[in-house]
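What follows is a group of structures, each given as structure tokens.
Consider the two complexes below, in which chain A is the common component and chain B and chain C are the respective partners.
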Partner chain A sequence: MTADNRQVGQSASLWGQLRAMAGRGPAPYVLTLAYAAIVSALLLLNPTTGLGTDMVVVLFLLLMFVIYRAPTMLAFKLTLGTILLAVVMPVFGVLNPFYIDVVTKAGMFAALALGLNVVVGFAGLLDLGYVAFFAVGAYLWGIFSTPQISNIVPGMEPLHGSWFWLFLAIGLAVGAFFGVLLGLPVLRLRGDYLAIVTLGLGEVIRVLATNLDRPINITNGAQGIKDVGRPPLFIEPLFQSLGITISRLQEYQLYFYFLVLLVLALTVFVVHRLNDSRIGRAWTAIREDETAAIAMGIPLVRMKLLAFAVGASFAGTMGVIFSALQTFINPPTFDLLRSIGILSMVILGGMGSIPGTMLGAVIVTLLDLQLLPRIANELAALQRRGVPIPSWFDPAQYQRLLFGLLLVIMMIFRPEGLLPEDRRRQELHHDEPEPAPEAKTSPAVPESAQSVEG
Partner chain B sequence: MALLEAKHVTKQFGGLTAVNDVSLTIEAGSIVSVIGPNGAGKTTFFNVLTGIYKPTSGAIVFDGKDITGLRPDQITALGICRTFQNIRLFNAMTVLENVLVGMHTRLNAGLWQILFGTPAVRAEERASLNRARELLKFVNLDHQRNQLARNLPYGDQRRLEIARALAASPKLILLDEPTAGMNPQETAEATELIRRLRDELGITVVLIEHDMRVVMTISERITVLDYGTKIAEGLPDEIRSNPRVIEAYLGKGAAAHGVEQVGG
Partner chain C sequence: MAVEATTGSDLVITRRSFRSFMSEVFGPLLQVFLFVIGSAVVLGGIVLLLALALRGARTDIDLLQGTITILPQVIIDGLVRGFLYATIALGYTMVYGVLEFINFAHGEIFMVGAFVGAFFSAALASSGMLTTLSPILFVIAAVFLGMAVSGLLAMSIERVAYRPLRGAPRLVPLISAIGVSLVLQDVMRMIAVNTGLGFNAQFRTPDLGQPLVLAQMPIADDRTIPVSIDSRSLIFIVVAIIMLIGLNYLVNITKLGKAIRAVAQDRPAASLMGIDVNRVIAVTFLIGGALGGAAGILFGMRVGSINPYVGFLPGLKAFTAAVLGGIGNITGAMVGGIVLGFLEAFVASYLSLFTRGQFSGASYADIVAFSILILILIFRPSGLLGEVVTQKV
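Our next item is the complex of A and B:
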């Protein structure tokens, strides 16, 4: 025990020295630039799809967090980040369309996870039905931009793609509305009860999507909605004037990539502003001790509903984008597993932490869409080549197991997440908790403020 | 002038009457103690005053306004704030943030103002930071402001609870056993602090207290509850020698033997 401690202490000081060295003077600038240059070169010179490129993409996305953390000037961070995200990634994406799709999805889930983080991480309201709001946004645009709408409003034509922009805002409002609607019944619930009821409400939305093809065909039931409208490509003339000729498919990929990036940036901005205000403090207070929070004058109902509304509004907007990106939506996309997936991003990255949540989203999305299937493929290839992996072991079937194991290991060794909120890190790693001495006059009956009535 | 008036307040939990027809008038600028054996209903009475529980019957008038049945946040906004018997800080927030939360009802920034980061919001945040630091200095905790609340020593946590309550700029502060669990040195400091709340900030203080030395030194009036009922009210000297009070604390025999002092 003591030997362990000493070792930890030593390596920490060595690590500390290294960090101090890397953080002084021009060193962080040089190091960050070098990292950025190497990764960019590797990306741009290696447009193949394979495990190697996967790794480089991971390194590229990690680079974003390095830039965020590096002790450099804000202007430097912004410039470098913008160049990488607005130039390097799109060029790479044109060379290698597979990846830009993955990165777009990662951005989309990062925004969703940030929204859920407001509810779960900031306000401490465990919501297992979050994907419902994503579904609401997706179906909103899905219905209005396809002939589905004429089933509801007879004679109405599907909306033209240029309405898409307005629907981003409508999705936001409708998401917020549903957030409040589903928040109302759970206002008095805490912890486990809240989780179960939100889970149920989330499923209700999915079941409605599956069954609202009768008596009026609103959602087209289990078949889902296809040919969802896409916004007109206003960047096409721009590309032509620049002499860039890429396929329409690729143009849309870039279009959605930039759109998601923009919405994500807005989300980060909003969440950050809120967290840093009296509203954010009120949420944290509610998370920490609801009774004390009300006694300090925090309007519980209003603050909880606001958390639900803010979280749901991002999901609504992202749902609109998602349906236009996929052009096809159906109920299974919005099942419980999706809610849990988004929750795992928040927890893995660090509840309550904005960069942590985004990192969690990026990692889980990459694992899901790219790394785990790839690892499974490679294992299968080895199997075929005669490496002694038993034949009953189908790697593709076991990739979720690997994901589960990763989560378990994380929760054992780093329960506060990868990039925890600063205060939570302190909370889980302070060495000696100060035991509050027993009150001299310990009451015969505990103050039962837990069961606040009224 | 009466700052707070409780009129025939009763609070029942199912069959149990925790507070039974208690009437109490608290003069502005006074320090008043509520004492009584464990389970007498003192904390419940505080919970009723602050709106955490609605009284089963009776009325509460604060500062000339009927506040019966208002929500806790509305009551806080009107100027009543409190501390808890079992410390209830926001443990994972820093000392400074705890005080800032207490200021919630005094800040006006709305959602859109916050999102746009208007100058008004920024000025308000700056002002509230300054005020929070002042309050922390007042309770002598400013040097600990970036600590997590849970890492504070016990006595500091009690003082932080007071600072957080002060942040709401109350006219009336309710302290639930503020010296519980403290050693004599800390108790003396806490007593001094309570006195300063009134003398320097002009806040009316009501405290629930078990330490009779504290009660007798700082209270101007004392109210005694037993089994939810008010059994005595008066000046410290009157309470000290009141046979019903002695009986409630020490049992019938003690009263018969003429024990002079309540508690130690």
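Our next item is the complex of A and C:
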């Protein structure tokens, strides 16, 4: 025990010395710039699809967090970040259209995870049906921009793509409305009941999406809605005037990349401001102790409802973007696994922590969309060369295993997440500092005493 | 909140009159039986009234006759669904009783049980014994095997994924349980796909005999249709009832049961009385898991084909049943399961009939189940049989 401690202490001090060295004077500027330059050069010079480029993309996205954490001036951070995201990434995206799609998805899930973070992280309400609001947004635009609408309102033509912008706002409002509608009956419930009920509600929305093709064809049932409308490309003339000729598909990719980037930035801003506001403090109070929060005069149901509505409205908007991006939506897109995936992003990164949630979203999306299929391919290639890898082992098919292990391991070893929020860390580890020798001999008594208090 | 004894206040352990023994072991079943009759009568009455009211609007078929014709079959279906949910719900409710924790992975324990049965039958089939084995022996062996595997699995999950988290905030073990449930689904899929059983595993059984004809039901033109009960459904109901009796004996009569009830009521006090709390909790998971595994075997036997995701919906509905009956209450879980099973069977069968197939009853039955969950939680969170408890501060 003591030897362990000493070792930990030593390595921490070594690590601390290194950190102190890298954090003084011009060192952080030079190091960050060097990292950024190397990664950008690697990306732009070798844009072929492969495991190596995958790694570089991961390093590129991690760079964002390095910049965020680096002890440098804010202006430097913002400039470097803007250059990387608004210049390097799009150029790379033009060179290799495959990756920008993944990065766009990562950004979209980051925004979704931030929305869920408001509900789970800030207010402490475990919502397992979050994807329902995402589905509502997606189906909203999916229905209004396709001939599906003429089934519901006879004689109404599908809306033109330019309505998309308005629907971003409508998606926000409809998401919030559904959040309040579904939240009202369930928010009086205690934490674990709420989780199961939201899970049920998520399933109800999916079942409705599958079955509402009769008596009136609203959602087109299990076949889903295809050819969802896309906004008009107003950047096209801009590209032409600059003399850049790229395909329409790539133009759309860039278009959605910037759109997602913009929405993500707005989301971060709003969530950050909310967390620091009176409302955010009320949410924290509710999360920590409901009874005490009521005693302090916090309107419990109203505040919970607000958290639910804020989270749901983000999901609604992202749903509108998602349906326009994919141009095809069907009910299985919005199953429980998607909700759990978003939840595991929040938990991996750290409940309540904004940078943590974004980190979690990036890691999980890349693992899910990028690294697992890639590893599967590489394994298959190795196998063809005669390396003894069992043929049944296909990592791309084991998403559930990945998410599940992620959740269990995080809960057991690091419930506060990778980049934890300070208060959350204290909350989850408040019982650990004192070693309590009695606890070793008869664990049942102190543990259960705690659970009674809680 | 606590697993309630049906007659809670007897202090004499050693001597117990025959009468109190009977009332403690069979009393809950009597209650379940009353709810079976009650649900059947009430729901049957409602559909008959609806049929009478809507009769004039329909010209294509005689709605009333159609309703009456399928009614007995719907009741049997409701009974089977009810016992399915009841046996699974017991696992939720017992764990909730002692730990106040929703064991989200319980649906997967059920699924693993079903797969154990599928493996067992596949092994028997490959050795050529499946057709020669007596059906009763097969059912007993399969059920015990499923109970053993699922029970031990539930116990080891508790040891690995839940016990380290005891005393953490409520959501932490719940999230861990969700993770366990996903892991189990994929691990089972990996095993099933790579052992030749396949994703959609066949659950073969020896010839279990013809459906048992209970009565002949007269319809128009002097024709009759038989009211029959499938032998698999009959096995399901019989085994479920035996298990419920066994559970009541275990919880209400034995010393172990007393320990479980004590831990459920007050963990620190039970610990001070010399009860090994960790052991009791492990045993609770063992019992709950064993019941879930047995339900899985019976379910697989009845539907004939299972896949690794088959545990999710029954698990969720069984949780609904546990809440409906009052979570933490053992009799409540049985009653809740029965009521929910009947409701679902009626919605699944009659919704399509009454709306001319406009709404698919099977899909909307799920929605009905969840709506019930929400309504119960709002208006009577303590459930049908639960006691109202105020939240401890």
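Here is the rule we go by: the second predicted complex is superposed on the first by the 401 of 454 C-alpha atoms of A that agree within 3 Å, B and C clash if a C-alpha of one lies under 4 Å from a C-alpha of the other, contacts with A are read in each partner's own complex, and residues count from 1 in each chain.
Following the convention adopted for this analysis, contacts are C-beta pairs under 8 Å (C-beta built on N, C-alpha and C of every residue); 3 or more make two chains touch, one makes a residue touch a chain.
Keep in mind that this is a model prediction, so the values were computed, not measured.
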{"item": "Partner chain(s) touched by A:188 [first = chain B, second = chain C, both, neither]", "value": "second"}
{"item": "First (chain B), second (chain C), both or neither touched by A:274", "value": "first"}
{"item": "Touching partner for A:291 - first (chain B), second (chain C), both, neither", "value": "both"}
{"item": "Which superposed partner A:400 touches (first chain B, second chain C, both, neither)", "value": "second"}
{"item": "Which superposed partner A:210 touches (first chain B, second chain C, both, neither)", "value": "second"}
{"item": "Larger contact residue set on chain A - chain B or chain C", "value": "C"}
{"item": "Footprint overlap on chain A, comparing chain B with chain C", "value": "291, 427, 443-447, 449, 452, 454"}
{"item": "Touch list for chain B against partner chain A, complex", "value": "38-39, 43, 47, 50-54, 71-73, 76-77, 81-82, 84-94, 97, 100-105, 107, 109, 111, 114-115, 117, 121, 125, 148, 150-154, 157, 164-165, 167-168, 177, 180-181, 210"}
{"item": "Chain C to chain A touching residues, read off their complex", "value": "100-102, 161, 164-176, 178-187, 190, 193-194, 267-268, 271-272, 276-278, 312, 316, 319-320, 323, 355, 358-360, 363-364, 366-367, 369-371, 373-374, 377-378, 381, 391-393"}
{"item": "List of chain A residues in touch with chain B within their complex", "value": "270, 273-274, 277-279, 281-282, 284-285, 288-289, 291-300, 306, 423-424, 426-427, 430, 433-434, 436-441, 443-447, 449, 452-454"}
{"item": "Residue ranges of chain A in contact with chain C within the complex", "value": "124, 126, 128, 185-186, 188-193, 195-197, 199-201, 203-204, 207-208, 210-211, 214-215, 291, 336-337, 340, 343, 347, 390, 392, 398-401, 403-409, 411-412, 415, 427-428, 431, 442-452, 454"}
